[in-house]
Amino acid sequence: MIGKTHSNRNLLTTDRIMTLTDGIFAIAMTLLVLSIEVPKKEAVTAGAALHQYLLALYPQFFNYFLSFYLLSRLWINLHRVYHDIIRTDDRHIWINISLLMFVVLVPFSASLDAEYSGDFSAVAIFHANMLVIAVLYFWNWSYAARNHRLIEADFPDAVITLMKKRMLVFPVTALLALLISIMTPSYSTLTYLFIPFCVVRLRNIQNSLR
Amino acid sequence: MIGKTHSNRNLLTTDRIMTLTDGIFAIAMTLLVLSIEVPKKEAVTAGAALHQYLLALYPQFFNYFLSFYLLSRLWINLHRVYHDIIRTDDRHIWINISLLMFVVLVPFSASLDAEYSGDFSAVAIFHANMLVIAVLYFWNWSYAARNHRLIEADFPDAVITLMKKRMLVFPVTALLALLISIMTPSYSTLTYLFIPFCVVRLRNIQNSLR
Amino acid sequence: MIGKTHSNRNLLTTDRIMTLTDGIFAIAMTLLVLSIEVPKKEAVTAGAALHQYLLALYPQFFNYFLSFYLLSRLWINLHRVYHDIIRTDDRHIWINISLLMFVVLVPFSASLDAEYSGDFSAVAIFHANMLVIAVLYFWNWSYAARNHRLIEADFPDAVITLMKKRMLVFPVTALLALLISIMTPSYSTLTYLFIPFCVVRLRNIQNSLR
Amino acid sequence: MIGKTHSNRNLLTTDRIMTLTDGIFAIAMTLLVLSIEVPKKEAVTAGAALHQYLLALYPQFFNYFLSFYLLSRLWINLHRVYHDIIRTDDRHIWINISLLMFVVLVPFSASLDAEYSGDFSAVAIFHANMLVIAVLYFWNWSYAARNHRLIEADFPDAVITLMKKRMLVFPVTALLALLISIMTPSYSTLTYLFIPFCVVRLRNIQNSLR
């Protein structure tokens, strides 16, 4: 006979998952800098050449700041969502680990996007990466909230719906970016600038409803 | 004369070891992405070439997802095991540090396996790495559980045995992969796909026993 | 209707931000070592050549120790500031995330500065990076302290002003370094050695005032 | 007037320093793996060549395991020492940050030692790195323990002396390795194998004294 305390062993607390999430986000965000390379001395012959090399790094810098921004926003939002999630289960853990798998890919896909910003296959990989992250992030909450599975029993349904709507901004933007990249890969990454604008609008609407 | 409180100094709490474990797993899992390299501009001349280059990265992606999956599962299981381990001692600490040593090697061996998936020596290093991790993981629990050394005195023996059995899945799979790689290195890495299947089966058996 | 507890959801605790800060500082400080490269075997033919190569690494070592020192001091001071900040809001979070964005850039800009210490554009990027960090660090406190927005209501105004004055040392030094680099890029990085001297002086003045 | 609570602001708790220490050790230990490089496909033409390349990596593997072992032992011992240190001050913080500065250098110096194991200048940098770490580690405790500055007032002097003696093993070994490297660089790294032997001996002596 297995006692009650031991049959509960399968449930990891959400704290543990957040620790791994914190670690992986911090590292993935820091690895983004590795995509901005210091030029090799052989490649730079004169001061003017270095100057030009550094100016030519602007897509790398743009993608660095954009990816850092998207990952930070996601990290902040994940913590807000986890504030409401009070328990976890096996499937929920694996949704989160899948999310982390694609977060760790961002330094690769962001770097690819910056290096080949005019090439559809490179740019599409970045957008697809963001789309998968956004869908898993949405799934994380919708799985936890369904029938109040992993949240408080008295958690208001209106808030669940409102949170779901706000979480649609990210996947819809990523999908839009992917579609735009079919026509114009070079400018498709600018689509994400839509997110901060959208977030501010949604907050104003939300405040006016109260 | 040395007082009682100071003679206990040698015992590190399990919390400290888990902090190092959390950090090292998060970093090792994130470093896995470094094995997927952005192609050098010199190597890619046309858009079509980049497209082909990216498709040729599929063994890197497969190994990335597989290694991330194996390390995540190990991390989750380690936390479950540590939930039952209530104290530690010197030998136990060093079993765990040895485990971490081989976990940190995974970004190297996974990258080697992906780059030279048809070469026995490369593939065997990956499988050997996984085998050592799996054996140390098994040893970690069997050392802690022997005579209830590092666990509660009333921890049921049936659960100890059950946990040991479940922990055999990983070393047996790694050994099998190593043996298969003698005949066919290219496909031997697929052996690990056996693990999620096996875990689900074992859980069903376990549930039916209750 | 949205309950009171849920409308507070937007406020992340300062603890969460400090966790991300701790992680990112630790990783950025560790990545600094990647700028000191082990010479390729092809480049070194004899023992004498290695000896000379290692001596030629002195700007890399100087920049490594300097950047590590500046980031450690910033990290220590951030923790002191956060000791007084008892709550946070959206804008405050984004000031901090912007700070982290530029902290993560340090391994790049420090490496660039070391490799091209005689080139204005390279050196200016390092100083500009430090200046942005220093300004955001100052802004972090001045935003939190204005009208006691994020600090205790009875926090003495004299201490707020004193802290602001001390926080001016870093941006002023970075600006000075940037100006000096216009005339002499090679030696401008030495300007930061002014900081430890200044900190000791300010502490003595502060102590004599009590 | 500055209140009493605010004049204490300068004292960071030891917890904060340990958090940075944990992060930096975990990352430095994980970066050690980057010194073991996957061979470029261009360099390897046949399966036999890869086999030989991997065998030629043995100094890299030896140095990886040795450095990981030394850093783990240091990390464990630091936690034991910090268990007895109940407060900190400015100088103590900077002793610790200096220690971290040289810990972060280990991935560089270990990699240099492995790549040029027959060259005195390369090997001496590794030993000097270890010596500085060992001296700072000794200084950390001797500073904290002098006049019971940062430890409990009733901490027994006998234990302070015993701990100091045990902490001499590491700097003496590093100094010995440095001296041996003048004569024979290639084998000098083996000197550190003396440490586990020495630790076991000291523990036996300590136990017989009780």
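For reference, chains read A, B, C and D in written order, and residue numbers begin at 1 within each chain.
Assume contacts are C-beta pairs under 8 Å (C-beta built on N, C-alpha and C of every residue); 3 or more make two chains touch, one makes a residue touch a chain.
This is a predicted model, so every value here is computed, not measured.
Shared contact partners of subunit C and subunit D, listed by label: none present.
Of all residue numbers used where subunit A meets subunit B, under half belong to both copies. The two sides are thus made of different residues.
The chain with its CA mean position farthest from that of subunit D is A.
Averaged C-alpha coordinates put the centre of subunit A at 26 Å from the centre of subunit B.
Between the Cα centres of subunit A and subunit D there is a gap of 36 Å.
Contact of a single residue of subunit B with at least two other chains is seen at positions 23, 27, 34. According to the touch criterion at the top of this document, the contacting chain pairs are A-B, A-C, B-D, C-D. Taken together, the subunit B residues at the contact with subunit D in this complex read 1-3, 6-7, 9-10, 12, 16, 19-20, 23-24, 27-28, 31, 34-35, 93, 97, 100-101, 104-105, 107-108, 111-112, 115-116, 119-122, 125.
Chain contact summary for the complex, subunit D toward subunit B: residues 22-23, 25-27, 29-30, 32-34, 36, 38, 41, 44, 47, 50-51, 54, 64-65, 68-69, 72, 75-76, 79-80, 83-84, 156, 158-159, 162, 210.
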